[in-house]
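One chain, chain A, appears in both complexes that follow, with chain B as partner in the first and chain C in the second.
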Partner chain A sequence: MKKLLSPAFAKDSTRLVLSVALTFVGLLLVTFLIGRVVPIDPLLAAVGDRAPAEVYERVRVELGLDKPLWQQFWIYMVKVVQGDFGRSVLTSNVVLDDILRVFPATLELATLATLLGVSLGVPFGVIAAVNQGRWPDQLARVIGLLGYSVPVFWLGLMGLLLFYAKLGWVAGPGRVSVAFDDYVTPITGVILFDSAVQGEWEAFGDAFRHLILPAGVLGYFSLAYISRMTRSFMIEQLRQEYIVTARVKGLSEARVIWRHALGNVMVPLITVIALSYGNLLEGTVLTETVFAWPGLGLYITNSLLSADMNAVLGGTIMVGIVFIGINLLSDVLYRFVDPRAK
Partner chain B sequence: MNAGAPLLTVEDLRVEFQTRTQLVRAVRGVSFSLGREKLGIVGESGSGKSQTGRAILRLVAPPGRVTAKKLEFDGIDLMATGEAQMRDIRGKRIAMVLQDPKFSLNPVMTVGKQIAEAYRAHASADRAAAKQRALDMLRAVKMREPERVYAAYPHELSGGMGQRAMIAMMLATEPDLLIADEPTSALDVTVQLQVLAILDDLVSQRGMGLIFISHDLNLVASFCDRVLVMYAGRVVESLRASELGQAKHSYTQGLLAALPRIDKPVKELVVLKRDPAWAGERP
Partner chain C sequence: MYDRLIRFDLTDVSKLYGSLAESWSVGPDGKTYTFKLRPNIKFQSGNPITAADAVYSLQRAVILNKSPGFILTQFGFNKDNVKDRIKAADAHTLIVVTEKAVAPSFFYYCMTATVASIVDSKEVMKHEKAGDFGNDWLKTNSAGGGPYKLVSWKANEGYTQEANPIWFRGKPSNRRVVVRHVGEPASQQLLLEKGDADYARNLTKDQLDSVRKNSDVKVEFGRKGSILYLGLNQKNPNLGKPEVREALKWLTDYDGIEANIVKSAYVPHQSFLPQGFLGALSDRPYKYDVAKAKELLAKAGLANGFSVTMDTRNNSPIIDIAQALQAQWAKAGVKLEIIPGDGKQTLTKYRARTHDIYIGQWGPDYQDPHTNAETFAMNVDNTENAKSKTLAWRNTWDIPAMTKKTEALVLEQDAKKRADGYLEIQREHQKVSPFVIMFQQIEVTAHRKNVDGFIIGPSFDNNFYYNIKKN
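So, the complex of A and B:
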């Protein structure tokens, strides 16, 4: 832990915090400009298109839309930092509350999907690389290709048809069954976590049966990507000289592959996994639609379709924050995996 | 082991690579035998010297194919040995020092762990004993701060230190035969001699056999007992190191003539003229 206290680390951390802050301001600027550039009049949404001109003008001043753009941006930034994204026209809730409600649903789905994708995708990729050109490689290739090319909504529908309608192994659309609606007191909003903490195992089981199919579908996509990347990183590492050294030492093939080669593959793989996780956290509209999953993707899309700009901007900023967070996390992990990273 | 029998006998060793368009024959019928002595193999890039070393450990990368009339190590037929038994021989009885420690050490594992791992692969030692062994070996290769080097990652060591760590790793199990594949080519000239001296010391102390692969004829001659000169996958000349001056083959003579000499400066060095007959199959 000496490393964490060194001046070099402190300097690094400062630089990190600065770059995160700068990224965040950039993100706000872009979302703000998009919000002002789109040909949607926020005033019309607020007062309705039959409001008399005086009312229109009064609301314009009240909302501060008569001020210069840079001033508007400043006000906007200050409010966002305080967590105030305004009110959603569509749900008439405070946008932040909406986001805090829908994001845990996406978080739950994306996390389980990523866990599935990593725990299966990495071994798949390694086995494919070790057996390059032979049947396990071909099998992994076909599985991966299917993951890439089959549309997610189709896979979701077929999954529902088979595992829900025909076999009855999993539960249908939605996060929980009607009987368990509002059953668990929300703490984090992640139902699996909340129910487990409160010892509500029946609710946990119900939520899990709802979650496993959409998470499986998304996990399959993540698996397809992660296993392909693992395979190519692995093939590259297996050509390196230190692999020859490991073999010269008389180590078992398992140790050469899983300890020496995979240890080095983890370095680039962290970035790949982080990106894939980030993509899923952004919300996956198609999957959320098929499974009636009240997540971030569905929320942003619905808001966009009804020109609810406050909600759209709030959602966009949330996605941005998630990406910044994921990048930060992968940066930290990177330091643990690669001793060369300073 | 039998005192009279050689440690390693190689007869008609061939290494071939079938590429999509052609058959590349990297080693074409190499034969030699080796006792507990220092044998140098010299040759230019692509002469097959490295592949000869790897073939002895059965570590020629696919699609390479190795054949030999005889490849015998201490009474063991290496061509007929199963992969599991081969793993027992690798590291424990035959080890190899590779060229460049920048690439031949695992970058994400501490040097100490890599040495201890080599030892533990063959000796039934616990973690503490393996660590002790690794530290002893680091001391044996003249590391000034063995504890620090033990905990260091390869990128934190200089080239010379890395190569000494590599030697420590490969000698931790006290093998009978060490193959050193250009062990000093990637190092600075000043460090080369130091590393060579350490290697020489340890090999002599332990009475091991050594195959020293290099492209540096003079270095090999000063360091080894016997020298094999390879050209285009074949041994063109085999002679005692002390008799290098009496080399008969025109390739060896040409190589020697092409070297600059400090006592007889010349304006222009002689350029080796290649004779296609050198690469020809033996009659």
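So, the complex of A and C:
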């Protein structure tokens, strides 16, 4: 805890936040410009193809599209800082409300998937490294390669076909069954959490049955990545002299591997896990489509396809915030696991 | 969720029936319409449905003037005069005065449009914010007198409706309707076959073939109002030649495209009024005939064909149809280059009329034939900055004579004569227009055998749930 309060940490954090803020403005500018230079008339999305010329003109002024570009950007920036992303023309909701509705769905899915990926991927990687070249390594390699190369979309459909349609072990597409629609009062929007807090265990079970397959599919994908990375980090560590020393000292093999070697790969491993978690949090369009999962990826893609720039920019900023958050989190975690910091 | 004063019969469009109104008539001046509302009917809130609600609803639509507002404002209403022109004579009598004496059938069909729905004025006014007529609140709530009320609405995700127990035609037998957006048709198929969904509305051709084999599933279809067509820009000197326009109509293999690409989604149709509209022409004079097309091209001095581009949205089935046309047209030497783009991109170009050929869909705005006639057969001003930019304008098709004829039909008082007039215009249009009208959309719905009664109407607001029964 002391580390968190030290001036060095505060200084680092300030630098981080500053660099992040700069990146942010850059991100905003680029997305904004892309939104304005694409050969798409943003008003079409707002008024529809049939609107008479007067309506078209009125909405143009209403949306401030008659102003010079730099002025539009400035107005946009000021609003964003106040948390106002404008309205989505597709849903005609306030973009922030939309995002707050779709993001929990993605968060729930990505978190469970990452938990699965880490809890299986790390041991897989370690076992593969220890048994380098022998059958456990080959098996882990095949599993990893499959996870890498099979399209998530296809995997999802096959999963549905087998576990939902044929075996009936899990529930089908959607976040909850029709019977549980609007059953749990949303607090955070993360259904597992909300239903548990309210003691609605039936709803919890239903949500879990819906979640397990998409989370499994995405988890498999992140498992593949995490286990491959763990393996290569571990192999490098196991070649180090301190491992030999530890063994000579008579420490048990398990202790050498799981405590000393694994302890030393924690820092790069956290980076890998954070990156893969971040990727999942961006939303995974294909998985969300197959599982009718109303998440962030689907939201941004739909908005993009309808030239709904407010929503796209809002979504992009959300992704930016997610990455900053994850960066900060892994920064904090480094301090806890880095042996040199102890 | 909302009812209107009058509606049209889905099986015979020429028949209108009273919904909230029990009778309606037009005065001798041809401009004063009187609607008598049914007595003792109520909104879902329990408030009585009165002429005052009808007045509020129609004035609201005119003053808000969102995109569909023109369906009403084309009768001369605007925010300054609407208070005088739409009035209640007593609690059950609504008087509407239009600017010009138009064809009564035109006005009545427009009154069957969504924008003429009747809202519960007391309930809506309670939720008014900054003069928005409750618009914001109504996005996620309902205040109507129809068979269902809204329980929840999540954009792009789904919605839930619950039966309105005091609907004036009796409580719907189906208590709750949950509509979910499932983007992947394969997932829809699984949900349907597993029995977790009762209806699946977006199955593809192959999936429909596959669910037909399932004895628990039934497939049915309804005709929609959308038309799939090609627009040939007359700015292109080759497309501007009448022989070339006709040749392309002969060069299109309507039946082949139907069988191989759009089966269960479209049926061949070659006139601008879709089946199910007053005066729709069902003639199909064109079929795939390469020899005839070659002859016409030779007459136009293009015996060796020519090159032309087509802006095509990059999704199925549009892109697939474009590719089929590419192969079919090549037989007569017409080299078609496909420019793929997303919907908004191609539309932006089309609206600026910088395309050669545009392939796309057109759906009618309301149930009257004028909606399509106006856009396909009228072009009041063909200059770049014209006020009215119809589809004819977008294809730079200058047609003063046809414009006049089409305009005259709006005023025709006799419904039969009016229908005949549209037939005549469509026949001419079919021959000379720069529109290769190919298909009319149908909607195919697959459902569980034990659930039946969903009504598929010609547009999204004529799909009705209230008849659905589950055994």
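Basically, the second predicted complex is superposed on the first by the 308 of 342 C-alpha atoms of A that agree within 3 Å, B and C clash if a C-alpha of one lies under 4 Å from a C-alpha of the other, contacts with A are read in each partner's own complex, and residues count from 1 in each chain.
Operating definition for what follows: a residue touches a chain if its C-beta (ideal position, glycine included) is under 8 Å from a C-beta of that chain, and two chains touch if they have at least 3 such contacts.
Only a predicted model underlies this, so the values are computations on that prediction, with no experimental measurement involved.
In the overlay built on the shared chain, the residue A:I235 is in contact with neither chain B nor chain C. Between chain B and chain C, more residues of chain A are touched by C. In the superposition on chain A, contact of A:T289 is made with chain C only, not with chain B.
When the two structures are aligned on the shared chain, A:A307 is found in touch with chain C, with no touch to chain B. By the touch criterion defined above, A:D41 lies against chain C but remains apart from chain B after alignment on the C-alpha atoms of chain A. Of the two partner chains placed by the overlay, only chain B lies in contact with A:V248; chain C stays clear of it.
In the superposition on chain A, contact is made by A:G174 with chain C only, not with chain B. In the superposition on chain A, contact of A:D338 is made with chain B only, not with chain C.
In the superposed model, A:L328 lies in contact with neither chain B nor chain C.
Contacts from chain A toward chain B in the complex involve residues 240-242, 244-252, 260, 263-264, 266-267, 337-340. Contact residues on chain B toward chain A in their complex (touch as defined above): 54, 57, 59, 87-92, 95-96, 98-100, 103-109, 117-118, 121-122, 153, 155, 166, 169-170. Within the complex formed with chain A, the chain C residues making contact are 65, 67, 69-70, 139, 151-152, 154-158, 160, 178, 180-184, 186-187, 190-191, 193-194, 196, 342-345, 347-349, 351, 365, 387-389. Interface residues of chain A, counted against chain C in their complex, comprise 38-41, 44-45, 47-53, 55, 88, 90-93, 98, 101, 157, 160-161, 164-165, 171-174, 177-178, 181-182, 288-292, 294, 298-299, 302, 305-307.
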